[in-house]
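First chain written, first letter: the chains are A, B, C and D, and each begins at residue 1.
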Amino acid sequence: MPTVARRALSPIRLRVRPGGVLPILALLAVLLVLVGLRQPDFLDPPSLMSFLGRSAPVILLAAGQYFVIVSGEFDLSVGSLVTAQVVVAARLIDSDPARTWPVVLLLLVFGALVGLVNGLVTTRLRVPSFITTLGMFLILVGAVYLWSDGAPKGGLSEEFRRFGRRASEDVPLLGRVPYALLVLVVVAALAVLLMRSDFGRTLVAVGDNPRTAQLSGVRVWRTRTVAFVLSGLAAAVAAILLGGYSGVSFQAGAGLEFGAITAVVLGGVALGGGRGSVVGAMLGALTLELLFALMNFYGVSGALRSTVQGAIILLAVAVSATRSSSR
Amino acid sequence: TDEPGGGPAGGSTSAAGSGTGEQSKFFVQADYDAELALLDATPTGPADKPWEQMLNPTMVDTSKFRKAGPHKLCFSNAALNNPWRQVGFKTMQAEVAAQGSRISEFVHVDAEGKDQKQIADINDLLGKGCDALIVSPNTTATLTPAVEAACKAGLPVVVFDRGVSTKCPVTFVNPIGGYGFGHVGAEFVSQRMKPGGKVLALRILPGVDVLETRWSAAKVAFDKAKVDVVGVEFTDGDPAKTKKIVDDYLQRYGTIDGVWMDAGAVAVAAVEAFQDAGKPVPPINGEDQLDFLKVWKDKGLTAIAPTYPTYQWRTPVIAALRILDGQQVANPWKLPQPTITQDNLDRYLDPGMPPLHYAMCGCTDLPGYPQRWK
Amino acid sequence: MPDPPVPLLTLRGIGKSFLGVRVLDGVDLDVAPGEVHAVVGENGAGKSTLMKIVSGGHAPDAGTVEVAGARQAFRGPRDAQRAGIGIIHQEFNLLPERTVAENVHLGHEPVRRGLVDRRAMRERTRELLASIGETELAADTRVGRLGVAQQQVVEIAKALALDARLLIMDEPTAALADHEVELLYGLVRRLQQRGIGLLYVSHRLTEVFDLSDRITVLKDGRRVTTVATADTCTDDLVRHMVGRELSSYYPDRAGPDEPGPVRLTVRGAGNRKLRAVDLDLRAGEVLGVGGLQGSGRSALARALFGVSPFTTGDVTLDGRPVRLRSPRTAMRAGIAYVTEDRKGEGIVPRQSVLDNALLAGRAVFPARSGHAARARRVRDLLAAVEVRAAGDDQEIRFLSGGNQQKVVLARWLALDPRVLLFDEPTRGIDVGAKSAIHDLVRRLARDGAAVLMISSDLPELLGMSDRIVVMRDGRIAGELPAGATEEDVVALAVGHTPQSRTEIDR
Amino acid sequence: MSALSLLPARRPVPGVFVALALTLAVGWLVVLVDGGQLFNQATTVSLLHVAAGLGLVAVGQTLVILGGSLDLSVAYVISLSTLVAAETMNGSDGALLPAVGLALAVSAGVGLLNGLLVTRFRVNAFIATLGVGLLLKGYLDSNYDGPAGATSPALVQSLGYQRVGPVPLSFLLLLALTGATWFALSRTRFGHHLVAVGGDPEVARLSGVRNDRVLVTAHVLCSLCAGLAGIYLASRLGSGAPRVGTEGLYDLESIAAVVIGGTALAGGRGGVVGTVGGVLLLASIDAIFNQLEVDAFFKQVIRGVVIIAAVAVYARRALRKGAW
């Protein structure tokens, strides 16, 4: 009698499944070829490194959003959280290098705290996360404007900005490696490890069928809350990098939540939870960033940009969706 | 490509508003000429109070609005969603405070950038017994009916910043305008770079009238100077996006010889992008925000800062009170629109103020300075 | 069995593959008007897939479907309905947020002057429910509030509402208690008299023999044989299905010395659904729990597992008082619970077989002997319960219902529980696997676990239990020793003397 | 338990109306203490106008959300519709009907595209409608530099500014649309099928519902509602406005209104009456803060808190009721 122990599937077959990373890899490859044709030196290590570095914040946000989405929820507050973090950092640091590290620590705590509140309100008060995080979005934006009287104050120290703006020079083979990229690599590795751990598998199970998870001893509320906390932490790290990269502004995080959700879905993760990989989500974000660069290189300029962006996203998702669906 | 500017793909693929191709439909030659003429006009009024100055004024009679004070002033505000409006509104509040005894109540409603909310707001204010109504419209055309309704209600209406397409308000207060702004910046940038050099135009958003006029005037200047506008990109006012765009353009063209912006919000980010790429910062224009002025001075940039002064937020209050006194006021009330150049940079750069403060606030004499603006 | 000229349904050479795995291969089958044609086979043999093909839910890769001589290519269930084919699915196809009437008429709501005729819907629902002996159920109850058995009744009414000429029943009795099965019998016979053809899938061979005219046996997606019911016997059928002899259906009960000390005691416990429950559960015994639908059997299991905990009374485990506040606390105390609603509460559908089996261990117990060792252990268990899947990384939703159940069992066995609560553990499980599960349950008891087994399958309840408690209205109505009869159980369950059975039979 | 479960399911008053009543009562009191009057004519009219605009969109949004989908393109559809209407009318009353028809037809076309992407091409609704929104944004951004066209005076005077007592015509239109939608949901096959598809698409399919058709219809109706909202806004603004939809945050706010109104974001549960409650709640919060002249940022904070709190109260109630 055939049993499960019979054979393991080949890794190739694993990835073609719905929720796998193959479609997004294919799209990424196509875009890379297109960029390479137009701007061959983009693929040289230095410029590639700097591209990856500047994309790091968005990729981190996508990873954070992934945890929340795969557990069956939404986090619409990350964009405003990034803005709030950057503004808070500027005001607290007030250009004083000595305050850099305490403030970095504070930002991480702040991010985790916002995630915790999102998580607890969603799981314990049973407010749909769409509403919870939309409310949090309003609260954060309002509060940070209120606190800073409508215009960011103070300034970020050079030390703080280093994470997002500077690079480790003279690395063999690669040349400059942006610190942001190093941070990204570390966080991405942690995220992958986490998703392979018991917690990660449980998280996906919660998104798939919370009742079963509950009846199998999972503390569903805790698991989901942790996902929100992870998202908040990711937003904090992203804010540190983004603030470093571009400085203080109220626009720092604007629209990032939609970017992150789009990236996650593009990466094959199902909204509603239970399917998809964190690698896919991060690749989705990278693909989106590459798409923007591609448009810069091809001179898709001005107002037409959003049309091209919309068309490519639709096409990509439609092709991968119709190809992976079996009836 | 067959466009006058000869820009590569950048211009050819996009429609109105980009490249230096066809002029946008927002371009009105007569207004352009008038504004450029105003740049050189000498204002009337106290020289140390530009917010009370007028350019080529035509005075109108307001005696029918005369009323005994103190007055209740009502203000329908388009939005408070950017530092410019923040600084402006604080300046206005300070002006109200300065006029203390003459104003019994100052009602402020914020439309949060929504046309339809502002229409409702104005309607709402009409029921509140205001003595005068100040409106900063969110959009020119769409707010016109609401403003007309307010005029019909019989109270004096003062419009500032953006206009409305009706003559019914007692006066319309604003500085010279977008053509002047765009022209000053573009002329500076194109004159300081090599002929035929590459200019990158960084814009905030499409479809905002003030910003559109700035760009259309710049376009005229660039076309005249025969420089190559390699790209017209929208940044959404997001510094990160700005840096990415500049980065990619640098990679694509090797060098960029000039940067023009329709607003100063992301000027510092653009400068940083050049620094981070290890390239010299080309001639660039910003606005009178202090962060830009600071970088300008610290790094010795070749730069200029045309302004859209925030002191114009003081004038509507002054105008409203004059109207209620029955004094004549200018209509339109054109305010001077100074430019910050290398020569007068130090006068405006106040390191004690926050980075996003606008130097041209004309607020140093107002109660609560500088604390109110910090 | 007379052979009518034009069969109602003719299947020729039906084949179907999922993701490259062949599930059906050249299946032929026909159904005559007024015939009850039973389809039997092991879990995963392809029965439900075949039924879905006939009812338009899946498109076949090969072969033809003819209805009353006309060839059909269904593009969807709607086409099949148009052709007069109705189906009672194995898994519930009901919307919990909608009312009974809305569910029953979903897809073909009666309209009057362009508008849905709600009154007609209610009326018709009432009639349909009455025709299967369900008079208590209101047509505008939200289905989500119903217990599993009542949902099954709704599911049947829903299929009947179509006025089909061919009705497919895919394990219609899996969730039904005994007396309801009787009602279903009556229904089937009435339909048969009206000339309606029936395809009847069931693992309960008694039903198959009671009801069917012919029987088709499927094995590994192929048709093994089709025989007239009168010409075969249980043993033959089982041999065809399993490919080997199954000697005895139930393993030996516990010997007199096997039940050990009392492991779990419940005294005066109650909650919203249960009152004054007293119970002793010994190590080494299988305690059966009988009762009608809604009598509180599941509620008892859910209370013991901390899902809807007892609010009053005391529970002790191995002599120590415990408070079972949540599934976690119950699991920590060594209790495991196999739920009756597999789809809704048993599986995480889009995760792999392995992840499903590992779920509970991962959630509550950190891997003591390492992750690899735990996974190996679970793989062994999956093999031991004979799960059929393309691999242990296959998504569990693609497994047949019976195989899903085995994965769920493996999940709990991996925790080495001291007390096992089984709620309808063999529902929808084939004879072979059923006897494997029975053996397993018995072995667990032998190894010292205390087993509480809820079952609506009376022969199973009687055959497996060392003792039986029967529930009624949230209380324990009485206790019966091993060797009790079906009549004894029913009498306690309905609170009448045995004669009243006939009354229910009607 | 059996006795309990056999009770017919009653459809309770959506919790949002409790929150609405509470908000209005507290708001009225606070405004009174502040020396104002919440329910004066001008304020009421403004409140109802705000509600009408958002309401028209939210009713359509309710349909797609009930069906388990979502529409993030509504904001752009609204803008597009104002432009199509105003440019076609170009200030003349004669072109009124063709303009309205054209605006609705264009909107329906966008809805059709959304629907086909979601069903035929199996693109997740979030992405599909976001993408279509981007397409429209590109069109609007590259073709319009600001308001364009002129709404016919007749429309401005009727739909835009006409009112019956304190109730604007547009609000009556919203009530009528709500009534019609409620009727469609509870009394037509389409409505039953839509809720089924939202509840469980597989169950619906196996029951003979043509899921694709139902969802496409819902998307078309949703876009039509957005188109209608656009026409209404054109009548308020006097011209077409390419940014009015996005500035009004109609995408997120309409979804918020739907969810506050008790419709499950996952689909299959809820209704249009609750949505109108949600819209009124949001508009009332706005009106109250307007009256109190609360600082816009502080207001935003409070708004966030109130939205969460309102839904939390509602969720709590539902939890207590739904507990078995």
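Note that in this section contacts are C-beta pairs under 8 Å (C-beta built on N, C-alpha and C of every residue); 3 or more make two chains touch, one makes a residue touch a chain.
Owing to the predicted nature of the structure, the values given are computational and were not obtained by experimental measurement.
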Touch-network distance, chain B to chain C, counted in steps: 2
Most remote chain, CA-based centroid, reference being chain A: C
Between chain D and chain C, distance of the C-alpha-averaged centres to the nearest whole Å: 44
Centroid spacing, where centroids are CA-atom means, of chain B and chain D in whole angstrom: 35
For chain A paired with chain D, centre-to-centre distance based on mean C-alpha positions, whole Å: 30
Overlap residues in chain D, where contacts from two or more other chains coincide: 141-142, 296-297
Multi-partner residues of chain B (each touching 2 or more other chains): 14-15, 17, 80, 206, 234
Chains touching one another, given as label pairs in label order: A-B, A-C, A-D, B-D, C-D
For the chain A and chain C complex, residues of the former touching the latter: 1-9, 14, 17, 19, 198, 201-202, 204-205, 208-209, 211-219, 274-275, 326-327
Touching residues on chain D, where the partner in the complex is chain B: 40-43, 45-47, 49-50, 53, 140-147, 156, 160, 233, 236-239, 241-244, 247-249, 286, 290, 293, 296-297
In the complex with chain A, residue positions of chain B that touch it: 8-15, 17-19, 80, 82-83, 85-87, 89-90, 203, 206, 231-234, 236-240, 242-245, 247-249, 251-252, 265-266, 268-269, 272, 276, 291, 354-357, 374
For the chain D and chain C complex, residues of the former touching the latter: 1-2, 4-9, 186-189, 191-193, 195-196, 199-200, 202-210, 268-269, 324
Interface residues, chain A side, partner chain B - complex: 39, 41-42, 47, 50, 54, 57, 149-155, 165, 242, 245-252, 254-255, 292-293, 296-305
